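Below are two complexes that have subunit A in common, paired first with subunit B and then with subunit C.
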Partner chain A sequence: MGEKSIWVKLGELDRRVLYWTLFILLAVPFLYPLGLPVSISETTLTLYNYIETLGPDDVAVVGIQAGVSAWPEVLPGLVAVTKHLVSRGVKIIFWGFYTDVDMTMNAIKARVPQLKWANEQVGSGDYKYGVDWVYIGLLAGGEAAVAQLADDLHSVIKADKFGTPADQIPLLQKVHNAADIALVVTSDTGDYGDYYIRQWAVRYKTKVAEVGIAMNYSTFIPYYNAGLAVGALKGVRGGAEYERLIGSLGEGTQRMDALNVSHLLTIFAVLLANICYFMTRGKKGGGG
Partner chain B sequence: MPYPTEPVEILGAWVGAFLTIAIYSYILYRENLVFRFAEHTYIAVTFAVSIVQAVSMIQNNIIAPLSNGQLTYIVPIILGLMLYTLPFKQVRWMARYTVSFLVGIGFGVAIRGSLTASIIDQVLGSITPPINGSPLDWFNYIWIGLGFILVTMYFTFTVEHKGAYYYPTRLGRYILMLGLGVYFGNTVQFRMAMLSGRVQYLLQVFKIIPWP
Partner chain C sequence: MDMSVARRPEIFIFITGVVMGLTLFGYFFDISEVQNAVQTFQTWATGIGWFALALGFLTAARVHLNHIRRRTPGRWYFSAWLFILTFIVTVAGLISQSTGFYKWSFTWVYTPLGATLYATTGFYIFSAAYRAFRARNLESSILLIAGILVMLGNCTVGEVIWNQIPAINEWLQLNGETPAMRALLFTAAFGLILFGIRVLMGAEKRFLGVVEGGGG
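Showing the complex of A and B:
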């Protein structure tokens, strides 16, 4: 048997070598930030511009339909948008349709210190629980529940996360249906963006924006082009863009460098695999 | 935020780091006992969290109103219990009523906004020319129209894809592959972002970079 050529050897490279390379390369930008440029997408800018028009008389809903596993993608965007809403004084109702929604709520709250629970000291500029913001917790029922929330919020929400009846929460007394909501920010890994578009945007003309994973972006864009959505953040990149817009660089910006490095490695691996394939195609023991 | 100082929080951070490494040991090394342990722990914890959340939700949204005299809330409880008859052959017909109820509600609710959201507004958005748009907007406008026609031709199976139909359907197939490639690219980007999140977390727990 003759010795294998370099192309055959590269083509047979143990995949763990690539995984280790990726794992190590991803760590480098966190240690030595590269500061690669991130341009602002139109869909991010339109959401930012819309929130700029809102004020203390407006109420926004932040629907958390992404689990903890999607934090690297959606949390930077969720935090940045929440910070922006808080800076505008917009009242916020948080709820979620994902079982670990409590953990995501806690993560947002830890990163937006103005949000105070009922038992916490409220200072100047802070958000008082029940008055400026409220957390409903987990909801169930899929699209039927989303539709019913649009028609009659109080028929679905009987109490907040802590069991306080809805009629004793000042913020919830102000809202009755989707027409009272100025913006819905939906963060999901599945179909909830579609639900809010169908049940809130179409029927009540409520502004809907997506802060989802990158995979959802291409399916949500047709809604944006059709004028049914006010904006959309594309995964961690959208989060990084929004952090730049509000002037509060955070985890999204940090992670973008790592993401760019990972893309470069992916492109390199795809090119190398194709070159190896074509160099060995038709040869004995080769790829073709 | 500062690095956790409470013992429970520190323990939580380190357990998270250990489980992350344990899970990634599958692709960085091979299947092993530590990976299996982490995998089973993950499933068990997810299940436990779901149970706690479900009980809490039923308590707040069903039991509380029911105990306040709102007797109509007995209906969802009965429908829910009927689902549990599925494993028993003699009475599993009862579950069909719950399933048909769920399917009926789901279909009825979804159809309400679908026509506008998924067809009318999207067609209008696609056929409306970007009068004051940039050259890129015009390219997108033509691309969407052309792509729609060619991909639809590709999926027309009542006419054989040869002769005058050969090149348009071939092009439609390439456009379709391009679209699927974009979806796949987005999927890869999502997984990379998740991996970068875990790498960042490990560096934070080991105090190599600041805690978020």
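Showing the complex of A and C:
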């Protein structure tokens, strides 16, 4: 019985070798950052251009429907869009339908220092809690709740995260339904983007944008092409693009290096596996 | 009153039909009485959503209590551990959500575990791509080429290799992918409409736990 050829051996490579190769190569950009240029996608640019038209009289909703596990992909985009909204003076209402939404809100706030809680000192250019921004906390009820928020915000939101009644929060007094909201930024790992499109964009013509994981980009694009969405960020790349647009490079840009290495390695592995496949096809003991 | 009458599936089917019909009608027609009724239903649904969270916990608790009571081999100690942690985190959360153990557990246990779990999938995808992504025929070859182009377009190194990669990637995603996704979305939507019609007509009873031909 002859020895297996190199192609057969490569085609049957142990998965632990693959894991270690990826693990080691992912460490390289941390030691030697690549810093490659990022071009801007159309859907990122349209969102940026739309926010540029907003001002201090407008109110935006940031809906957090992605959990902590999705931070590597969605947080850079969420932070960059929030920074842009703040730079335009747009009022912001944060809420979320994901149980660890408090963690994400704290992470955004830590990265956008202008957002101040009620007990924090407010300086020039800062966002005063309750007036310029408010955090509602966790909501439940799925699409029914999203629909009801669109119809009558105050029937769902009785108080903010800290129990302050909605009628004592100046920002919430300005909004009653989806027609009062200039933009919904939905950050998803699931279907909430669809809910906002169906219940807010279709019924109230509210502008909706997706800042989700890259996989969600595919499901959201038909809405964008149909004119129902104002833009979409494609995972961490979308975040890196937005950071570049607002001139504030951050975690998205840093993580692009890891994305570059992992994608390149995957492409290389797939090509190598296919070469092995073609070299051994039809031969006894060949891969495939 | 005989309680068995109140449990008859016809009553639940009738309630579901009325709620569903009015909600559907209210989506397309702006009649104030209907809109008020729909908003009331939606508010109830939001409240029910909160109950669902509690129900989820109670259901999970029942399953795990059974494991503990039966000493299910290989499982019961994990169930016990779940209860211990649930108790500790609940008590910690009631004391303070912004300091102490509650904050520590979220910051240093929950967050890293979540990130690790998500990142681990990358290794599995990498390994799976190596083993399964083969150009066996024309269709899989097209898929392979498109996949590589989208991957190159999603990372910035693609445009360093060739400056037209982002344009190709954008075309593939905006124009190539949209018809397929649209087809999926429409299929799912029509399926949902048909499901709704079946519910409205009383032909769909599985959501009540009633299985045709079987014991409910």
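What we mean here is this: the second predicted complex is superposed on the first by the 287 of 288 C-alpha atoms of A that agree within 3 Å, B and C clash if a C-alpha of one lies under 4 Å from a C-alpha of the other, contacts with A are read in each partner's own complex, and residues count from 1 in each chain.
One rule holds for everything that comes next: contacts are C-beta pairs under 8 Å (C-beta built on N, C-alpha and C of every residue); 3 or more make two chains touch, one makes a residue touch a chain.
Since the structure is predicted, the reported quantities are computational estimates derived from the model, not experimental observations.
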| item | value |
| --- | --- |
| Which superposed partner A:P72 touches (first subunit B, second subunit C, both, neither) | both |
| Touching partner for A:K9 - first (subunit B), second (subunit C), both, neither | neither |
| First, second, both or neither for A:Y19, with subunit B first and subunit C second | both |
| Subunit B versus subunit C as contact partner of A:M215, first or second or both or neither | first |
| Partner chain(s) touched by A:F30 [first = subunit B, second = subunit C, both, neither] | first |
| Which superposed partner A:G227 touches (first subunit B, second subunit C, both, neither) | first |
| Touched partner set for A:K205, first subunit B, second subunit C, both or neither | neither |
| Touched partner set for A:D100, first subunit B, second subunit C, both or neither | both |
| Partner chain(s) touched by A:G137 [first = subunit B, second = subunit C, both, neither] | first |
| Doubly contacted residues of subunit A, that is, touched by subunit B and again by subunit C | 15, 19, 22-23, 69-72, 100, 102, 139-140, 142, 144, 147, 156, 203, 214, 217-218, 222, 225, 235, 237, 259, 262-263, 266 |
| Subunit A - residues contacting subunit B, complex | 15-16, 19-20, 22-23, 26-27, 30-31, 69-73, 99-102, 110-111, 137-140, 142-144, 147, 156, 158-159, 163, 194, 197-199, 201-203, 213-215, 217-218, 222-223, 225-228, 235-237, 250-251, 254-255, 258-259, 262-263, 266 |
| Subunit A to subunit C touching residues, read off their complex | 13, 15, 18-19, 22-23, 34, 36-39, 41-42, 67-72, 100, 102-103, 139-142, 144-145, 147-148, 151-152, 155-156, 203, 214, 217-219, 221-222, 224-225, 234-235, 237, 240, 256, 259-260, 262-267, 269-274, 277-278, 288 |
| Of all residues in subunit B, those that touch subunit A in their complex | 1, 24, 27-29, 46, 49-50, 53-54, 56-57, 60-61, 64-65, 105-106, 109-110, 112-114, 116-118, 121-122, 124-126, 182-183, 186-190, 192-200, 203, 208-209, 212 |
| Touch list for subunit C against partner subunit A, complex | 27, 35, 38-39, 41-43, 45-50, 52-53, 97, 106, 110-111, 114-115, 117-119, 122-123, 125-127, 129-131, 133-136, 144, 147-148, 151-152, 154-157, 159-160, 166, 170, 173-174, 177-178, 181-182, 185 |
